[in-house]
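Got a structure here, written out as C-alpha cells. Questions coming.
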Amino acid sequence: MNEQGNNNGDNEDTLVVESPVPDDQQVPATETVSTLRLVATLAIAGALAGLLIVLLNQHTKPIIDKYKAEQLKLAVYEVLPGSEHYNTYYLIEGKLSPSLPDGAKENDYKRVYVSHSKSGQVKGVAISRGESGFQDVVQIIFGFDPTTGKLLGMKVLDSKETPGLGDKIFKDRAFVDQFFAGPETPLTGVKAGMGKGLPTEIDTITGATISSKAVINIINHALEEWRPVLDQGIPPAPTSLPEGEVQQ
Amino acid sequence: MTDSIVKLTASPHVRSDDSTVKIMWSVVLSLLPVIAASIWFFGPSAFFVLLASTAGCLVTERLFGSHRGSLADGSAMITGLLLGLTLPPGFPLWMAFLGGVFGMAFGKIIFGGLGQNIFNPALVGRAFLQAAFPVAITTWPAKSGQWWSLQGDNFALPFMSPVVDTATAATPLGHLKFGDDSVVTPVIDLFLGTTGGSLGETSALLILLGGIYLAYRGHLNWHIPLSIFVTTFAVSGLFFALGISQFPPLFMLFSGGMMLGAFYMATDMVTSPLSNKGCWLFGFGIGFLVVIIRIWGGLPEGMMYAILLMNALVPFINRATQPRPFGSVSKKQEEAPK
Amino acid sequence: MKGLLSFKNGVHPPENKDITAGIASRRLPFPDEVVLPLSQHIGTPAKSLVQAGDHVERGDVIAEASGFISSAVHATASGTITSIELWPHPGGTMVPSIRIAVDPYSTQLQRPRIVPRWEDVPEEDLSKEIARAGIVGLGGAAFPSHVKLNPPKDQPVELLLLNGCECEPYLTSDHRTMLEQPEKVYLGIRIALKALGISQAVIGIEANKPDAIAMMRNTAPEDLDVTIQPLQVKYPQGAEKMLIKAVTGREVPPGALPAKVGTLVQNVATAANVATVFETGQPLIERIITVTGRGIRQPGNWVIPFGTRLRDVIRHCGGLNEDAAEIVFGGPMMGLGQANLDVPILKATGGILVLSRDECKQQEIMPCIRCGKCLDACPIFLNPQLMGALAKAGRYEEMVTDAHLNDCMLCGCCSYVCPSNIPLSQLFTMSRTQLKKLAAS
Amino acid sequence: MRKTTPSQDLIRGIWEENPVLIQMLGLCPALAVTNSVKNALAMSAATFFVICCSSVLVSSCKRFIPKEVRISAYILVIATFVTLADMLLQAYAPVQHKELGAFIALIVVNCMILGRQEAFSAKNNVYRSLLDAIGTGIGFTIALIMMGGFRELLGTGAFLEYSVFGPNFEPWVIMVLPAGGFLTLGFILLAMGYIEQRKKMKALMAAEKAS
Amino acid sequence: MSDQTLFSIFFSAMVVNNFTLAMFLGLCPFMGVSARVETALRMGLANIFVLILTSISAWFLNTYILETVPFLRIISFIIVIASLVQIVEMVVKKLSPALFRQLGIFLPLMTTNCAIFGLAIFQTNRGYDFMQGLIFAIGAGLGLTLALVLMASIRESIEFSDVPDLAKGTGLVLIIAGTLSMAFMGFAGLL
C-alpha cells in the first residue's frame, strides 16, 4: 500500500475517509502466520456465521413467509372483492398452469392470482405489476374480470411518489374508488370533470397527473400482456378446492 | 514633498462607467413594467406576493449579509422580485417570504454573498417552494370578479394551509400538457399576457422589451437568451414536426417562464458562464432540458429546473471553455501540414 | 469604422485626444537641472562615464551601454555634473542617476558629432550606430532598438511595421510626430529597412487621426514600398502583437518575438529619432511629449529634454488645476502613477497626464460578479477573472500554469471594463512580483 | 493510544465524537431513513444491535484473528449480525422492514461500525468495547432522531405520527424528500458550528477578561 | 421480475433516482473525493467499472447459488464484492500499472462503498434480469460520476468564494448537495 500512497501523493489530502483497507492479501509473508491458518480462520468464522444465520433463519422463516402470504392474501382479497380463496397460476410457455413443473423455481415464472366461485367459475384475476411512476417504480395489484373485461379493484403495493401529491394514488379514496366501480378496460385517464362519461374513464388527480396516469398505464400494459393468455381460458383450479366441490 | 497633491494608483487610471451597482439597479428598473403588468393583470395579490418575497430576501440579506452596505447593491432586491414573479398570484404570503429567506440564505449568503454563489438564489428559493409546497405553488386561481379582489388565500396564517375555494385555472402549458382537449393558447395571447400563470409568466412582450433594453446597455449577455431561444425553437420544432410532442415551437417560446427565465434568470452574471462560448453551451443546455422536461417531465414547466441544472454545470463549463491564449495553437493545428 | 482592420476584443475608452491633438509641438524652456537615470530602458543599466564636477555638453555620452541589451545615455543639456546618486525613478524605486546642473548661459547647442552618411554604412553596422546614439523604442517599453534590428538568424523578418496607432487615450505625441516630421519618419524607415535588408514596410495608424494618415500618404516617397494602413480605433491597437494581428492577420505565439511571424514593429517616433541621428548627429536626448489632462492648466505637445523633472514640466505648463488628482507618466491605461514631483522624464515617457478628480474617480471595489466582461476585453484571450481569483487566493503558481499569467501584457483592459472595479492588472503585476520573490528564495 | 476511563469510552461516542454529526460516518442511513422518527428508531435499533454484537464478538475473539485478515473477518462478523437483524426485523416488525427496505442490508457497509471494530474493539477488552459500542450506538441514535424529528416535524407536522401542529398545518414536503435530508443535516451542522463558535468566542472573552 | 423498460431503468438510476442525490448511496466518496474534478472523474470511472462487475456477479449469485439460501445474501454479496475489488486491483496492477497508480487508492475503498453493495441489493430486490441489471449498473455508475463531477467542479469554484467560516466544510457541501438534489427533481416523471 505504501507505493500507492506515494504515487498518489496529490490525492491524499482529498481522502478524508477513514480507510478500512483490506490489506490482508497484500501483506508479504514476513510474519509467521501461514496462509493456511488465515484461510482456516476465515473458513471457521464463515462456517460459524453461516450456522448462526441458518439457525435463526429456521426460526424466522415461517414467520416471514406467513406474513408475506398474509399480505398477499389481503391484497388479493382487497382487489377481488368478495373472494375468500385464490389460486396462483403460473405462465408456462404462454399458457396458464396452476402448478409448476417439477424442480422449477417459482421466481422464474410470471404469475396471476385467480379467484374462483364456489361453483368453480372464475370470479376474477389479480395481477401485480410495477412500472415507473413520477419518482420511482409504482407497484400495484389489481383485480380483473376476464369475462366482462371490467376492473374489480386496485391497490398500490409500493410507491415512492411525492408525499402530499403523488401519494394520493393510494391515499385519495375518491381516486382509488374509481377502480372498484367496475370501469371497462383499456382505461383512459381524463382530467377531473372533463370526461365524456365513457365507462373507461378514470379521473386523474389534479396536480398528480403523472402518478395517476402511471397507475392507469400499468393496468393497461398488464392487460395487454395478460389478455391473450387469459382469453385462452383458465385451467380449472387444482385440488386445493374445498372438500366436496366438484369441478365442472 | 510638500507639494504632493496626488494620490498614487495603479494603472489603468481611467475606468469604464459600468458598475456592478448600476447594473443591478438597471435590472430592477427594467423589471418595473413587468411588475406593473402583473399587478394590472392579477390585482393587489400580485403586489402582496412580490412584497413578501422581496421582504424575505431583504431581511435575510440585512441580517446575515456579508457586509453592512450589501443591501444597497440591489442584488437582494432583484432576487426578491424575480422570485415573486415566478409565484402564482394566490400564493400565501408566508410561503413567499419563506422562499425569499431560503433562497437568500442557502442560495447566496452561505456561499459568501454577492458574486460567490453557484445557483441563482431566486430559483433556489423557487425550487425549495416547489418541493416544499407542491400544491400551493401549482394552484392558479381563476381570475375572479373585480380587479381588487384577492386571487386565492394570500393571507393564510403562517405555517397553515391556504384555503382554496375558488375555481382553479390551468396555465397554457398545463392546458396543453394535461388537458384532454389539448388547447393551444394562441401565441398572441401569450405575447400580450392575457393568460393565466405566475406573475411574471404573462406578458412576454414587456419582458422582451426589458431584456432588449438590458442587452443594449450591455447589462446582460445576449448570447444566453439567444441560444436558449434558438435551441428551444429548433428542438421543440423538430419534435413537433416529428409528431412526438404537442407543443408548437412558437408556443414553447412564449409560454410559461421561458421569457423571464431566459432574460432574467439564466443571464444572472454570477451563475452563468464567463465566456461567450460557454454561454452558448449554457443556453443550449437550458433550451434542450426545458424542452425535454416540458414534453416528458412530470411538471408542465421546466425552466426553473433547466436553469438550476445548468447552473450546477457552469463551473464545469468554465473549465472546459477556457479561452485559447493569443498566438498559441491547438494540438490539431500543430499537426496539420504547413 | 467597423470595416477597418483590427484584432479581437479590446476596449474603447474615451479618447480625449482633442485636448492636445491640434497643438503644434514647441520646445519647453531648459530647466535648471536634469536628472538622468542610468536605467531608462529595458535591460542592464548603463555604466556611468562621468564624475561629479565634470562639465558636459549637450549630446555628450555620459554613460555607456553595458552588455548587449542595454543602451547609452547622453547629456540632454549642457552643464556640470553635480553628483551621481540614487534618485526617485518613475518606476517607483530609487535608481542611480546622473544629476546635471544646467548651465543657464549655455546656448544648448549640441556638440558637433560625426555620423557617417547612412547610405555608406554597411548594413550590419547601422545598428551599431543606432546603439551609439542610445536609441530605444519610444512606444513605451524602451527596448533598445539596435537589439530589435538584429533579429535571430533563424527567424528572418520580411515586413517592417511602423506603429502610428497611439492607442492610449489622451496622448498625441506620435500623432504630432507624423504631422510635423513625416520626412523624418520616412528616412527612419529607409534606414531600418536597410539595416534589416528588406524592402517592405507598413505604417499602421488608427482611423481617428485622418490628418496624420493624409499627411503620411501625401509625403510617401515613391521609391519606397510602404503602405499606410488605417486601423480601427480600439485599445490596445498599438500593442505590438495586436498591431501585427491587425495588419498581417498573424498571431505571435506566447513568449516569442514578432520575428517569429516575420515582422518587426517600430514606433513612428523611434523612426523619426533614428533619422535625426543620421541627419544631424543628435543622439536620443529629447522627444515630443504630450502634457495633457484636465488637471493641467496649459496642455500641449512639448519637446522636452530627458531628465527634466516632472516639477519643472508642470511649472512650465502653467501648474496644476485645483481639482488635479493624479499624475501619470504615459497614457491612462498603462501609464505609471507618480507620487513624487522630482522624478525625471525618461526616454520612453510619451506623455504626462494630469487627471482631474472627475476623470479618475475612484469607485468602491465590489465582489466579482463573474460577468465575463474581462474575458471579452482581453486582447490576448486570457481569463482575467480566473487569474484575479487565483491571485486573491495567493495561488500564484497556478496563475502561470493554468491561466497563462506570463502571457499577460498588463494592458489594463480587464481592469478598465470591470464593473466591480477590481484592480486586475495591479493584481497581476503584484503576483508576478510575488512569483519572482518565490523563485528567488 | 491515550488512556481513557470506562465512562469516557461510553460518553465519548454520544456527543463529543458523535459518529454522524462530528465524524461524518454512516451518512447513508442517517440521510436515507430519517424521513420519520419511527424509521430512524428502527434503523438505530438495528444498527445498535449490530454494533454491540460485533464489538463484543470482535473484542472477545481478537486473539484468534490474524492481523492480515482482520478486516475481512470484521466484515464477515458485521454481515452476519446484519443478516440476523434483517431477519428479526422482517419477522417481528415487517412494516418497518418494508419502509427501510434495502437500507437494513446496507448497515454492512456503514463505515461507522467497521471503524469502531478497527479503532477500538480490536485493541480493547470486551467490557470496554461494549461500552464504546453502546456509546457510539447512542450517538448514532441521537443523530438519527434529531434528523428524523426535524424532518418529520416539518415534513408532516407530526412527531412519531402524533400531530403536533394541528390539522391545518401545511407540511413542508421537501423535508421528507431526499433534498430535505441533505438540507437538514447541513442545517444541523451549521447550527452546531454556530454554537461552537459562540462558545469559543465566550471562552476567548472570558480569557481576555481574566488576563 | 420487473416490467421496467431498459431505458427507464437506465434513466431512473442515472438522474431521476440518482444514487447519490436521491438514494444517498456512495456518500463517502461524494464527500471525500469531490474536491478536485480530475480525482472525482477517476473515482467515478472506477465506480462504473466495479458496479458493472458487481451487477454481473450478483446476478450469477442470485441465479445459481442463492436461490436455495436467500438468507445468505448479505454475507455472500459482501464477500464477493470484497474479493472482486481485490481481484480487480491485482489485475489492473498487472495489466496497466499506470491505470493502477491513478485508481489504486480508490479501489480498496470500494469494498465499503455503499453504492456498490447497494446496487447488488437493489438489483436483487427489484428482480432485475441480467440485462436490466447491467443497464442499472451503468446508469447508476454514470449518475454517480455525474454527481461527483458536478460537486467537484462546484467545490473547485467555491474555493475562491469568501464562504463564511461557519459554513466551511461539510455544512456547505451538504447544502449544495441538497440544492443539487432539488435541481434533479426536475427530472422526476421523465421515465
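The first chain written gets the first letter, and so on, giving A, B, C, D and E; residue counts start at 1 in each chain.
One rule holds in what follows: contacts are C-beta pairs under 8 Å (C-beta built on N, C-alpha and C of every residue); 3 or more make two chains touch, one makes a residue touch a chain.
This is a predicted model, so every value here is computed, not measured.
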Set of chains whose contacts include both chain E and chain D: A, B
Any chain that touches chain D and chain B: A, E
Nearest-to-centre chain - CA centroid comparison: B
Per Cα centroids, the chain farthest from chain E: C
Pair sharing more residue contacts (C-beta pairs) when A-B is set against B-E: B-E
Longest centre-to-centre distance from chain B, chain (CA-based): C
Geometric centre distance via CA averages, chain D-chain C, whole Å: 70
For chain A paired with chain E, centre-to-centre distance based on mean C-alpha positions, whole Å: 25
Geometric centre distance via CA averages, chain E-chain C, whole Å: 60
Inter-centroid spacing, chain C versus chain B (mean Cα positions, whole Å): 48
Per-residue multi-chain contacts in chain C, two or more chains: 367
Chain A: positions in contact with at least two other chains: 16-17, 20-23, 25, 46, 49, 53, 57, 61, 134, 162, 164-165, 210
Multi-partner residues of chain E (each touching 2 or more other chains): 28, 31, 71-72, 75, 82, 111-112, 160, 162, 167, 172, 175, 178-179, 182, 185, 188-189
Interchain contacts (touch definition) - all pairs: A-B, A-D, A-E, B-C, B-D, B-E, C-E, D-E
Parts of chain B lying in touch with chain D, wherever the complex brings them together: 92, 95, 106, 110, 128, 131-134, 136, 156-157, 159-162
Complex contacts: residues of chain C adjacent to chain E: 367, 389-390, 392-393
Touching residues on chain E, where the partner in the complex is chain A: 1-4, 8, 12, 16-17, 28-29, 31-33, 35-36, 39, 67, 71-72, 75, 82, 85-86, 100-102, 104-105, 108-109, 111-112, 126-127, 188-189, 191
Sites on chain C touched by chain B in the complex: 11, 13-14, 169, 241, 245, 251-254, 256, 311, 320, 324-328, 330, 332-341, 353, 355, 359-363, 366-373, 375-376, 378-383, 385-386, 404, 407, 410, 412, 415-421, 423, 425-426, 429
Contacting residues of chain A [partner chain D, same complex]: 16-18, 20-25, 27, 31, 33, 37-38, 41-42, 45-46, 49, 52-53, 56-57, 59-61, 63-64, 67, 71, 158, 162-165
